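Okay, structure first, notes after.
As written, the chain order gives the labels A, B, C and D, with residue 1 at the start of each chain.
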Amino acid sequence: MQKTEGIATDAPKGGSTYGDFEIVDDQGDIELQTLFTGVCGTDRGMVAGHLQFAYNPKGQSNIILGHEALGKVIDPGSSTSLRKGDLVVPVVRRPGDCVNCRIGRQDNCSDGEKHEAGITGKNGFMRRTFYDSEEFLVKVPDLSMKDYAVLTEPTKNVMKALEVFGIVSKRSVFAAGDSTYRGKKCTVIGTGPEAFLYAMSFSDLGFTTHITNRHPVDDNRLKICEYFNLGFVDYSTDMGTFDQGIDVVVDTSGDPGTIFTFYRKLNNNGIMLLFGTNGKAQPTSVSGVDIDHMIERNLTILGTVDAAKIHYIQALEKLSQWGNLPNSPLKKLITSLYDPQDETVFTRRNPSEIKAVIRWD
Amino acid sequence: MQKTEGIATDAPKGGSTYGDFEIVDDQGDIELQTLFTGVCGTDRGMVAGHLQFAYNPKGQSNIILGHEALGKVIDPGSSTSLRKGDLVVPVVRRPGDCVNCRIGRQDNCSDGEKHEAGITGKNGFMRRTFYDSEEFLVKVPDLSMKDYAVLTEPTKNVMKALEVFGIVSKRSVFAAGDSTYRGKKCTVIGTGPEAFLYAMSFSDLGFTTHITNRHPVDDNRLKICEYFNLGFVDYSTDMGTFDQGIDVVVDTSGDPGTIFTFYRKLNNNGIMLLFGTNGKAQPTSVSGVDIDHMIERNLTILGTVDAAKIHYIQALEKLSQWGNLPNSPLKKLITSLYDPQDETVFTRRNPSEIKAVIRWD
Amino acid sequence: MQKTEGIATDAPKGGSTYGDFEIVDDQGDIELQTLFTGVCGTDRGMVAGHLQFAYNPKGQSNIILGHEALGKVIDPGSSTSLRKGDLVVPVVRRPGDCVNCRIGRQDNCSDGEKHEAGITGKNGFMRRTFYDSEEFLVKVPDLSMKDYAVLTEPTKNVMKALEVFGIVSKRSVFAAGDSTYRGKKCTVIGTGPEAFLYAMSFSDLGFTTHITNRHPVDDNRLKICEYFNLGFVDYSTDMGTFDQGIDVVVDTSGDPGTIFTFYRKLNNNGIMLLFGTNGKAQPTSVSGVDIDHMIERNLTILGTVDAAKIHYIQALEKLSQWGNLPNSPLKKLITSLYDPQDETVFTRRNPSEIKAVIRWD
Amino acid sequence: MQKTEGIATDAPKGGSTYGDFEIVDDQGDIELQTLFTGVCGTDRGMVAGHLQFAYNPKGQSNIILGHEALGKVIDPGSSTSLRKGDLVVPVVRRPGDCVNCRIGRQDNCSDGEKHEAGITGKNGFMRRTFYDSEEFLVKVPDLSMKDYAVLTEPTKNVMKALEVFGIVSKRSVFAAGDSTYRGKKCTVIGTGPEAFLYAMSFSDLGFTTHITNRHPVDDNRLKICEYFNLGFVDYSTDMGTFDQGIDVVVDTSGDPGTIFTFYRKLNNNGIMLLFGTNGKAQPTSVSGVDIDHMIERNLTILGTVDAAKIHYIQALEKLSQWGNLPNSPLKKLITSLYDPQDETVFTRRNPSEIKAVIRWD
């Protein structure tokens, strides 16, 4: 039985403990060292005991946290494609037996029987070492990406969302008359890491893209916006920017009131992607006129969660593209590095934080 | 200038007048006699003065009502494909100049510059005769369909919705493990004509299909349900039927409270099609948990309105299929025939009515 | 062990024997009586010993022929949806373990590990009785279809081909400017049953549709053409009909020379569906100019084989639609009924034959 | 009337002249300076008088050559998005009035009424200056791309081909069981610039990718292969590499014999993309067994030509990604720079040439 230093919680009760834990559910003979783990709202929600759907591995009294990770191969075991020293990103979801899981699309699991590392029934990656199999490891193509490849996991969500956008937008001619997205407007609600990754991606597609929040933001964010050609709007004082209508709204807030405020700005054939969750957010009121709006304009709203292994590969390609740009500020999305022993990472979040990361090596 | 007997309103003020009207906006040299026109909520809403988006043809003080029609060719003019005596269904929407209108998809008009016969800026078909051009007429393949081909217009909405469903459902493996929809559940909210046409179509696809309303229904409806293999549920007393979850919800009510009640029953990868509108419906409350539901389950909600000419052709094929079945009760969807002079058709609707139709010949 | 009267061959050697055979590979507890089995080129090719890919069930010295069947439920066994007396069509292909087979799409088997009843490794349906399981039986919705439901198997191939056509035709705007296929031309090479089923389907879609062969055809064929609005062209004397170009070519001949003759008539964005096979056909010459033609015009050629269970359901719906039309000549596609003992069905084919069927009840 | 120094031919007769030419068909008020123009087989074919489909602008006795260009904005005229000094790539095809042209997809022109700069009826870019309008100019996002952005035009062809691949590959589950293309094999026939751009793109998608030719290649090519993870195979001596089958074949040779040699290696659900043209290539023989191969395996062959404006944007993104990689050899695809006066660029092509470029500034 494997033993490793890590950070665990007792799901769904919460709390966090740094210490030695026995791991009984690793599968595969590739030995990996964790280099970095990202911290997101899900990790914090689990520590706070807010996520009732989280659960420990079967028969265990706790679960190692962490689903956003960058690892290094210590021993490639029986792998034919990985070598000692390779950097890898582990896949979060492990398949059940539904029609989607059967073809590697556990991100679209039909029956909920999949598991998620660090969240539902499988130990996560906030620990010194772990074992895994080739099927669930994605190789980082370029060692120069070491400092930001931990962003792969949040970026892969965007890649899947773009896939879904590509599919549903086929219901009409969505592009402009010159076949591009020039002149099409995208607004991303939120100013956290997912908001930036979504906005940068839609801007790359050719959309005039804004990120928005209900307060001003710090200089670091504004500089990243400028570099990646994103507008920032404090919508608490400036909704006028959106009076010309929006073609794609992405929400990372999970707040119903904000979501429906921007929903009402959607143009004909507009698409709203919901990604952020906040079960404790205040409810909002939706009227018959709101429903009419959706029908008369052929609107689409869609929720999207997680992503498939192919999206991890796409995410690494996208990060490589962004990271290698001249004077790229990509690394500035990681605003704070924590030690594994510093449990304050789970309980405080200062306004300048975009992405907090725990450094393990 | 053409003059014809018909029924007009002054949009959006309302009212209805039967009499002689001068028509200045017909285009095309094919002369047609109206045989039947269907009456729907839009017609009634216009007469009641409830639809603020309705407007008269440019420079006119009234608009001929009616967008659901079956016509007969009196004089084919320059048409090469139509002959005297042919039955035709006229297309409702006429294109503007946006990217969708340019390819015959004015149902997906991007900029709202299209017109709709009998609703927005173009005279409708509730009149003895009209002129039109081949581009906007769909030939009824079979004269035996005369008694029910007036259902083409409402059915074409379903055909478009199925097209959109086909597209958005590609975001995951939506079918069951044997490639069919067997075991997949569809619930259609409402018991009017669109509800039946949607439900019959999803049942044909292989879905276990229910229609539902908040009260019991009459024998005619129950018999149609039985013939077409549809379950009926009075959801005011029996929500338990839906406890196993629903894969596709179609709404024809436009009522936010009902819509979100059924939304909360959607299974993973579930799809909700919104078709019905009711701007005056009571608002409902949508919570953070409702938003989570959409994301964690990869749900899609979509509004769909109108349809393209190809969907009229598909609708005629579907109606032919249903109408020719042994002992088909298809005609029983038309529950009442009115004279053009009888304006009560716009102001009363008895519970047994599914589709009310005005007979012109 | 089950024993039943039937017709077997020794694959791939050939020959045909009517007699009693022991069946060791039926799976499932639903007992069925065979009513009709269609005879096609594959059956004849197996009897002639021409199909080298055919093989007996594992460990057996012969294989029961027949993959086109209509059966009647004698004993529904553990089935919850079938009842005694129901008519059913059995699915031909049985899945292996590839990604396509795993989701019920063994028609797209990636690795060739599937089996085909009556062809490759599984006994077929040319016998008095067989056992099967619910997963592989498709219920005929309407007993009135008894006389032509044996056409479901050949029709399901067309339904899959239409699915593939729908997918690949999305690479450009394929429809006309009014969203329909009006004015688009489809030519189907061949005058056998598949040719008719393809042509009738494309005509229903709105294509101007011809079937063609290198000789004149009999009155029965011409009458079916007339009813279903198909043109017939003897291309040995009249290639001029195709000088305006073709948008969709379907081949049921398998003859390379004919295929490339019609390929050269394809319009921009044209699509060619290859369905017929004839390994013994004469080769043809393909030039650099032929390759250019494909590129400069954005052409697509695709092979399509078999179909999934959902296409059987669609086929039954299509056959019901055609069969219930007023004075429908659908049954005239079946030109000859044979007794099971009459082995001439495998060895002769007179010119008036469209589909030959063996009657078992 | 505008006059400029450039290189013209008399299409389709051929020849090339460097000198002053009057330009009568430029449209738009943005003045541009040409920096680089790529030379491809089409330019050489026109000079040799081999391309019968080429023609001069209406009423003119010659046509300026060149469709692959990088320009610099001298005067932005009425443009709102371009500024003096910006780098731009001009779009080759200019729309006609068909359904595809109407939505900016003249690459899929239905009726052949589009024009192509430097090829069919519109002057090209091999000249000091030209005028154009914003609709047909694509901004290079990053000035650091100046040395290789002339590769945008050949790369945009690949981006369109990937779009088409993405569409047609949906006819089955094409990806591996883990949702990625790992283990899938792509072979690109040819070792010219398009071959490399295709191969690099498929390798990025995760395919095991080879380029192949009928002779060995030089060190520059081998080094580029190594960097971008491509295998090179001299198929004249080593067809064995392909014995395990191929999932995607891309042809850039236009040679029927080679095309069908690799076609016969396609796995089930395999896809062949034809891009290269060579009208003078030797014909090859295609048999009934070859046709069977296509059907039994559900294969797709498709021709693809040109690309839409959106693909230019994608090409620039791809080139930025490749060009900014650490120690990227991307620029080594450009093997020779010519002066505009040096007409030998059209008549000789040495074996080490990948892409020849004319430098204008």
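Convention: a contact is a pair of C-beta atoms (placed from the backbone, for glycine too) under 8 Å apart; a residue touches a chain by one contact, two chains touch by 3 or more.
Computed from a predicted structure; not experimentally measured.
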Between the pairs A-B and B-D, the one where more C-beta pairs touch: A-B
Most distant chain from subunit A by Cα centroid: C
Chain centre separation in whole Å, for subunit C relative to subunit B (CA means): 36
Rounded Å distance, subunit A centre to subunit B centre (Cα mean): 40
Subunit B-subunit D separation of Cα centroids, rounded to whole Å: 47
Multi-chain contact sites of subunit A, meaning residues that touch two or more partners: 99, 102-103, 105, 170, 173, 175-177
Complex interface listing, subunit D residues touching subunit B: 99, 102-103, 170
Residues of subunit A that touch subunit D when the two form their complex: 102-105, 135, 142, 144, 173, 175-181, 204, 206, 308-310, 313, 317, 320-321, 324-326
Subunit B residues within the subunit A interface of the complex: 53, 99-100, 103, 105, 107-112, 163-164, 167-168, 170-173, 175-177, 254-256, 259-260, 267-269, 274-305
